[in-house]
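Shown next, in structure tokens, is the structure this report addresses.
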Amino acid sequence: MKKLLDDPAQAVTDSLRGFGLAHADQISVHTEPNFVTRAGGTPAGQVAVISGGGSGHEPLHAGFVGAGMLDAAVPGEVFTSPTPDQVLAAVQAADAGAGVLLIVKNYTGDVLNFETAAELAEAEGIEVASVLVNDDVAVEDSLYTAGRRGVAGTLVVEKVAGAAAARGASLAEVAALAERVVAGVRSMGVALTACTVPHVGRPSFDLADDEVEIGIGIHGEPGRQRVQAAGASDITRRLVDSVLDDIDLAAGARVLLFVNGMGGTPASELYVVYGVARQMLADQGVEVVRSLVGSYVTSLEMQGVSVTVAVLDDELLELWDAPVRTPALTW
Amino acid sequence: MTELDVGWAERWIRQAASDLKAGRDELTELDRRIGDGDHGNNMDRGFTAVVAKLDGQAEPLETVGQVLKLVATTLMSTVGGASGPLYGTAFLRASKVVDQATADAGHLVSLVEAATEGIVARGRAHVGEKTMVDAWQPAVEAAESAAESGDALAVLRAAAEAAEAGAVATVPLVATKGRASYLGERSAGTEDPGARSTAMLLAAAVTAAEGAAA
Amino acid sequence: MKKLLDDPAQAVTDSLRGFGLAHADQISVHTEPNFVTRAGGTPAGQVAVISGGGSGHEPLHAGFVGAGMLDAAVPGEVFTSPTPDQVLAAVQAADAGAGVLLIVKNYTGDVLNFETAAELAEAEGIEVASVLVNDDVAVEDSLYTAGRRGVAGTLVVEKVAGAAAARGASLAEVAALAERVVAGVRSMGVALTACTVPHVGRPSFDLADDEVEIGIGIHGEPGRQRVQAAGASDITRRLVDSVLDDIDLAAGARVLLFVNGMGGTPASELYVVYGVARQMLADQGVEVVRSLVGSYVTSLEMQGVSVTVAVLDDELLELWDAPVRTPALTW
Amino acid sequence: MTELDVGWAERWIRQAASDLKAGRDELTELDRRIGDGDHGNNMDRGFTAVVAKLDGQAEPLETVGQVLKLVATTLMSTVGGASGPLYGTAFLRASKVVDQATADAGHLVSLVEAATEGIVARGRAHVGEKTMVDAWQPAVEAAESAAESGDALAVLRAAAEAAEAGAVATVPLVATKGRASYLGERSAGTEDPGARSTAMLLAAAVTAAEGAAA
């Protein structure tokens, strides 16, 4: 394992410290416990939008803290949900009197820790709402699983919720808009290589030189299916087909197409995938009205990609387009 | 042995910390195969923090419940992941049933029952879903059967043996809760990491009690 | 070799096509020959700022085409300088009557091809100036080398030149400002892993599991020195020391600190490196007034990092801060 | 053989294209070791394009110079890298010295001289800097010596043999021009890829001429 880290046990904190120094104009890093808030705090009277989860998915979530998106982010250890007291501290710091929306990716650990934090916050009189993101079509949402996972679609939920809060919407309104994004967002990912968690020191799964793992999550979990490595077109088709199988898109539907790198994928390859996915959607009569291409929701240094399709009605489109100024996303 | 005292409780937790450190790579490897590879580190980080807290106590703790409560709050604030709140809740509920300096066989049965109820209440998993519940639930039943003897050590031994067997029995199961459930059929063939850490935890309780008996 | 590509020979074109579709609001992709221009073209009467070079360094250069930075970019094959006719076509398309600045990284291939293009353009009556970027301190600028290479510092030159052009500066003024950046910018890089050029199919060099390559360029070239892999602090110290040895920074100097990922490095690791570098500069009394952390000048999927220090006087700082709206850099 | 005709020139270039395709991996490996690994692909891409251009000619080319000029412009617009403008300039200069249907020994000497001057003018490298000049310069001298014979094939053979020896002689050199110079001392021990492709190119000229002689 070769990584640009010192003590693996301190990796999250060391990285956060650098992040705080590099972006002091936009965010403030807090330690013991670790969390990140907007520089200057949540504007008074505005709903605070908070997300968090295990580290290793950077820039998610801390990279999206700033005007128009998140008011706070709570990073756990690598691939490990943050603890309730971390979340509680972020809630206390970010609440500006209008309540807090917690955006939680659907994993047992995240759900349990955020749930506990929400109970603690409510006990202190802070109004809390939660939305669960579960966009990963690789997992069936059935009795036989912990439900679909939350993956790259989380970015879209965070962007829309943050824009709604910035517009002055109430907690109930922000939560309802976030739920509307969740209802219409689906993702599917593939890994060409596994990733190595620093304190584990070896790859999260073993993949032969001619194999790719389809239907991975974002924690280096093994995927749904292991297949022979094929070209970008073949792989992209498998991803987009899975997404389109899961969500009913009327011809003429207007969507965001988000091609997300898993951390170790060159930008040039993401654009190849984007080109293929775009054509497939066009063939279905689906209109791509917005695009995002980049490594935003990652699994450490994993090579791979996920494709996310999010339905954007007029209101969601307006919120997506609203200004955002964060370390990792600005327009 | 009819009773175990607060010294046993502390020895248990220190023993557990050292066993979990020794078992870290084993737990990591299990979780790497059907989860995300952090369970060994999560447990080690949590119990290392617990030991630091124990070492840092200005006044000696007076009841078994106080020891367990310290474990609960420390795990809750240092572990994260699924296992953090689950073990945290387990120890919190258990701490409430032994509010005194010693624990007899009946207390120990209640302790295991309360811990298991806490886990089920939080995680909503049932036996057979390939989670730590598959180690805790048999432990409860075995502890209850052994309680008649009135022998505290016998209760712990029964619980630990049943947890061990329960953990081993998770190997062929297909997970329907937790991260391993994402793998579907591919989750069969590997022991559940949380069931394994549960078996380690209860075995440490026995080791600590045997030290007292010797 | 596992890559999200179809035919390796078409990789550059396939990627450009996706890039063009994803960012149609900001850029236009031209093929046969390949080049990229600003959507809507260079504003009339404004100096056109153009850069280019081999592909495989994305988002450099095409990702920086847009308002406030480049007017055109010319991507060659992977790690291969573009041809003169490509460059000429871009010059013809981007010239808005005020002349063209060519920003060229100092490699024999780039120099020769851009030189030829400049001659052809001048023969057509287009005013052309060129600036050579040579920020890589891994290479000695001596009789015994082709001179220092141009690496991540190129981004800084492009940003400043683009801002100057947007402000209405003349070709001579834009070129002089670009030269001022070049005079004060230095970089040094390290590779933890090699990269694989698509049509070659095997890594560009062989590195043992416990070795890192210090003083690499951005083409998968072997570096200056191969050392045992150490932690982030040790590696960062080697990079920053080399930079500080090469450039005389008075205490109180104000600089941009740019930590650049080589393509396969997780963002979290870049921030660890940033934290160490920042501390080292502080220890020298050097003031970091601006920061940039991300994978902007890459070598395909290489894992590694480079550290760039650029001196910013008041005018350069103002130009750095000027608004920019491109696919890969926006503020 | 006193003269070679335009048919030879075309056969030369087609032979070179096929030899460079066969030698692609060898050139790639040399460039991978002391450069950036693209020289094999650059040469193959360029000469494949040249052959396509030759195939696509509506009218047969009439002079040796026309063939060489087509090579020059095609390499210039398809190769890129350092070798693109260098070989492009070489063929452009060479094309100007044989403005007729046949080339005698004297023409061939001028051809090699002009090509080499073009490379040196563009790249500003001298013998001993571990570049393609180390193959071209000895070829010039050998061609000049062989010219007395008046035998066109002998001139080509002399040039090709000298280029081959010159390429091999680059192995121990430390590069001071081009990408390999970044490696300093580490550039010694590997043959220069551009010198190797030069040797291939001149060997192909011989093969094509021998075909005519046979």
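Just so it is clear, A, B, C and D label the chains in written order, and each chain counts residues from 1 on its own.
In this text, a residue touches a chain if its C-beta (ideal position, glycine included) is under 8 Å from a C-beta of that chain, and two chains touch if they have at least 3 such contacts.
In this text, all values refer to a predicted model and were calculated from it rather than measured experimentally.
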Chain centre separation (chain A, chain C; CA means) in Å: 29
Centroid spacing, where centroids are CA-atom means, of chain B and chain C in whole angstrom: 55
Where chain C and chain D are represented by their mean Cα positions, the distance between them in whole Å: 32
Sequence positions of chain D contacting 2 or more other chains: none
Chain contact topology (line, ring, star, complete or other): line
Set of all touching chain pairs, with the criterion as stated earlier: A-B, A-C, C-D
Complex contact set, residues of chain C against chain D: 9, 33, 54, 76-86, 107-109, 112-113, 115-116, 138-139, 143-146, 149, 197, 199-200, 202, 204-205, 217, 219-222, 224
Complex interface listing, chain A residues touching chain C: 2-7, 11-12, 14-19, 21-23, 55-56, 58-59, 63, 192-193, 209-210, 212, 229, 231-233, 235-236, 259, 263-276, 278, 291, 293, 295, 298, 300-301, 303, 305, 325, 328, 330-331
Residues of chain B defined as touching chain A within the complex: 28, 32-33, 35-38, 41-42, 45, 76-86, 122-123, 174, 176-179, 181-184, 186
